[in-house]
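Same chain, two partners: chain A is paired with chain B first, then with chain C.
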Partner chain A sequence: MTDFKQIENNLKKEAKRLLEAGEVTVVLAYGRGYDEKHSMPFAAKTSADVEKLVFNEYCNFNMARYLMRYPCGTKIAIAAKAADSRAIVQLIQEEKVRREDLIILGIPAYGMKNQKTDEVVDSKTTCGLYNPPLYNILLGEEVHGQPVVSPYEVLAEYEAMDKEARWAFWKKEFDKCIRCYACRKACPMCYCDPCFIDQSKPRWADKAPQSPGNMMYHLTRFHHLAGRCIDCGECSRACPVDIPLYLFHKKVAKECEEMFGQAAGMKLEDKPVLVDFRVEDSDKILE
Partner chain B sequence: MSFKPKILGIACNWCTYTGADLAGTTRLHYPQNLRVVRVMCSSRINPSFIFRAFQLGADGVLVGGCHPGDCHYNTGNLYARRRLAVTKKILEFAGLEPGRFRVEWISASEGNKFAEVVEEFTAQIKELGPQQKLKIDELREKA
Partner chain C sequence: MLKKISINKISELAAALMGKGLLLAPVKENSGYNFAEIKNPNQVDLDFHNTIASPKAAFFPHKEDFIKYETGKPIGAASVIGLSLPPTFLFGVRPCDVKSFGIMDIHFNASGIIDPYWKQRREVTTIFGYAFDLEKPAETEEFYQTLGIGAADPEGSDVFMIKKGDDLLLDSVTAKGEKLLAELKNFAEGKVTDKKYYDEYIKKGREYKTRSMCLEPEAITKKLEDLFHNTDFWMGVSSACLSCGICTFVCPTCYCFDICDDTLFGQGTRRRVWDACMFTDFTLEASGHNPRTHVYQRLRQKVCHKYSFHVRKYGVISCVGCGRCTKHCPVNIDIYSIIEDAMKA
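Presenting the complex of A and B:
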């Protein structure tokens, strides 16, 4: 198992060192919420703040979301698990943040606990990695030697469904949506300003939380995140009505990986698949 | 009453739209269920256009662009190819019949191909029947 206490100590140590040396202005990590289970995103700005940092198995937020709150050029240290690190790589690819502004404190972990169900979610089944692909300092020991499961295994059940059944399933799920936009708010890749759903000219979708607008909102959002979603699962965790948004994102990510041979947020030199093309792409992808 | 499908055609100005023009000037017959919207390039097509078309009552959407490599803007349709492939996968996973959305490369000299594609696509949509899944409720009641 991952030694969370050790990681917490390392996190505090590194945060203190970086802040005192003036290498960074802010350390983005986790702080205590109203109880152990509900840790919160926390930005430590002074060495006194460092004592408030925590890290435990419930710290499953993707802190990459908060990077874009700081003006370009701010030196930031950020605690990043595997998925978070992928998100940062993706943001660097998209030129939303600069590599030289970041000190990534990598956190290797087998998985984090879900606050709602108290189950450990194996990181291999979500973003497919235990260790962050990009980091400056690793806060724990690298994790190895777990049986390899495909992150896309969970999809098999839904892919095998008849299309009518699948439609009924998604219709039911999207009908639950109350359009709180928590998924958009939590997503590290959703940074458009304004979001298409907030535009009124043209008005892309109905704003009432009813079926057609919900469908339009979610389908378009899946499209906007195609080839960019790094499968941190933050949208589903943030969802107050428990729509399994991660399933759809995963499916789109899978298709993109199959069609274009590249997963999101793995290498700094990659380009997001939909702002890139190959002349030798096959027309078969359109069938 | 027999089912008259409503089909949205989105055609690129330089190839497919000119191809459609050629089909017209050579007096080719093809079904009149297609309503063509001209765009300057197939990469102009926002995927939301397609989702919205289905919501507003389209039974099928046909996108036409230049053959890859022939784009008037050199690379537009190469971006469009990737983007529309994703759109197709999304519609499919949501549970819409995959046959309702089609992308074809039709050049300005392929009036015949345009007529054939429209004929074939219309027949396919007729077979699939009215699209009821994405259609907004107000429209569904009227039908």
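Presenting the complex of A and C:
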């Protein structure tokens, strides 16, 4: 794998070139935060901004989250690791962004770390793919081979639980929720405006951080992401009370893959599984 | 009165306090420490730097039920949920967080409408402040020194605690604290050398280094007023902001709330729930108009409220530099850096 410093240099070089040539008006990538370890999402708009770009193992942010802040037609270059690139593919499929407006700066990388715990995230909380499925320019050498660990391996313990145990598990986890909505705000696929939970007519769930409302919020969000979640793990990383949201998303993604033979955001020509109908589709969901 | 207790025997102190009422102290949870009701004296653990959530919830819970009602019944049939509070001990609050209670008092307990819930909780609660460990460095996110708060400031606490080797020294700050310490007869009084150590520790706490800059309330207020319409500046500092509510929920001085009626099968509760200025619907009006539709407007509101409007209205900055907002922000937005940038802009 190309080392992170080299990727950072390539990122700066490409960003500078694209901005100076006027090919894009903004480069969505990562900048330095309040110290070395804490990078942050950064939008470079001038070639002077380019010097502030960084890339290191803590750049987990999914920049696809920020794409929809720009009016349609804005030419954007976006740094994308594997899962981020999947998010972009999914957003293109859902017609939220246009392929021709984007220059995707693919980042082939593994060994990204969670800044809070310093744990390697790879296939534990993210999809763990090495290479972005869609890109214009690759900022490092393509990593050969397939990830050794399947993104669904982390589900073993969860799947061993029976129905009651799973229900008890989620009830306990949801009780921790403080309803800061960081999970939905960090999620590139959560773009509904307004989100159902913010609606007041009708009010779908109470505002207080307590069990029925928390349950309503999370279960609805979980299911709304069925077949759409690209497994970037940002919801779980953003959560201040460490609810393992990725478990549910991975479980649903796994079932979708088994039933429809398709993972979200992998191929531009695919349709999201829940808007596509084929006669040969699995009926397992109805059983 | 100065008392000395071995840290190993902290559970005995916890048990003594539990015998007198409700004890709230930092408890280790999966993701870190948080204040919680102590059920077992062995749960009390002083091996923490600071808690994830601020201790404001001890006086201003995330949700507070006010009224129970049934739909279709006359208003007289609704019942007010009263408070019946036992004496409460809030144990192990860091000096910067203790300062926040004074700031929150301005809104809930000082002038205009007095909030009975906040007031009653404040009255029954004895605050045990706890100095930061001066042997250990401050966390990078903290900046209470900027706001003139020392790492071992006893003001605002009833009893103030410091660590001396394997012991804990407790000194009374208020008459309430003095009375309580006198009642704890099983614990030995400190010696003259302990008192000397304690006084020096408090003094040393003023020199304890966190991130700091020279910050005159008047200067920053003026600066932010001048910058208010500088959209480029606010767009720049908020470009990463996700507009979630973490920073306001963990903040010890954020006090915005919403009153909601929740009705299910005819049974309703009117309650107060924390709200956050970072939420899109915070300023959404009944007409459908929203004066703050952009992320930059909401972040600007948060920063200006704390460092500008609050100073104009009440004379103090509404921030204690605990660094929680920075530490828990999923995209590492740092209010200290924003203020620094604003001063330079």
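FYI, the second predicted complex is superposed on the first by the 276 of 287 C-alpha atoms of A that agree within 3 Å, B and C clash if a C-alpha of one lies under 4 Å from a C-alpha of the other, contacts with A are read in each partner's own complex, and residues count from 1 in each chain.
As a working rule, contacts are C-beta pairs under 8 Å (C-beta built on N, C-alpha and C of every residue); 3 or more make two chains touch, one makes a residue touch a chain.
Since this is a predicted model, take the numbers as computed values, not measurements.
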**Item:** Fit or clash between chain C and chain B when superposed on chain A
**Value:** fit
**Message:** Let me test your reading of the model: by the given contact rule, A:L67 touches which partner, first (chain B), second (chain C), both or neither?
**Reply:** neither
**Request:** Figure out whether A:A79 sits in contact with chain B (first) or chain C (second), or with both, or with neither.
**Result:** neither
**Message:** Once chain A of both complexes is superposed, is A:A208 in touch with chain B (first), chain C (second), both, or neither?
**Reply:** second
**Asked** Thinking of the overlay built on chain A, is A:A168 touched by chain B (first), by chain C (second), by both, or by neither?
**Response** first
**Asked** Touching A:P41, do we find chain B (first), chain C (second), both, or neither?
**Response** second
**Item:** Following superposition on chain A: angle at chain A, chain B versus chain C, Cα, nearest 10°
**Value:** 90
**Prompt:** What is the contact status of A:Y181 with respect to chain B (first) and chain C (second): first, second, both, or neither?
**Reply:** second
**Shortest span in Å between Cα atoms of chain B and of chain C, once chain A is used as the common reference** = 8
**Message:** Per the definitions at the top, what is the overlap between the chain A residues touching chain B and those touching chain C?
**Reply:** 206, 212
**Message:** Which residues of chain A touch chain B once you look at their complex with the stated criterion?
**Reply:** 158-159, 163-171, 196, 204-206, 211-212, 215-216, 219-220, 222-223, 226-227, 248, 251-252, 255-256, 259-260, 273-279, 281, 283, 285-286
**Prompt:** Along chain B, where are the residues that touch chain A in the complex?
**Reply:** 47-48, 51-52, 55, 68-69, 75, 78-79, 81-97, 103, 105, 133-134, 136-137
**Asked** chain C touches which residues of chain A in the complex?
**Response** 33-35, 38-43, 61, 65-66, 69, 115, 178-182, 184-186, 194, 198, 200, 206-210, 212, 234, 237-238, 240-242
**Item:** Of all residues in chain C, those that touch chain A in their complex
**Value:** 30-31, 52-53, 62-63, 140-141, 239-240, 242-246, 249-250, 258, 260, 262, 264, 271, 273, 276, 279-281, 295, 326, 328, 330-334, 336-337
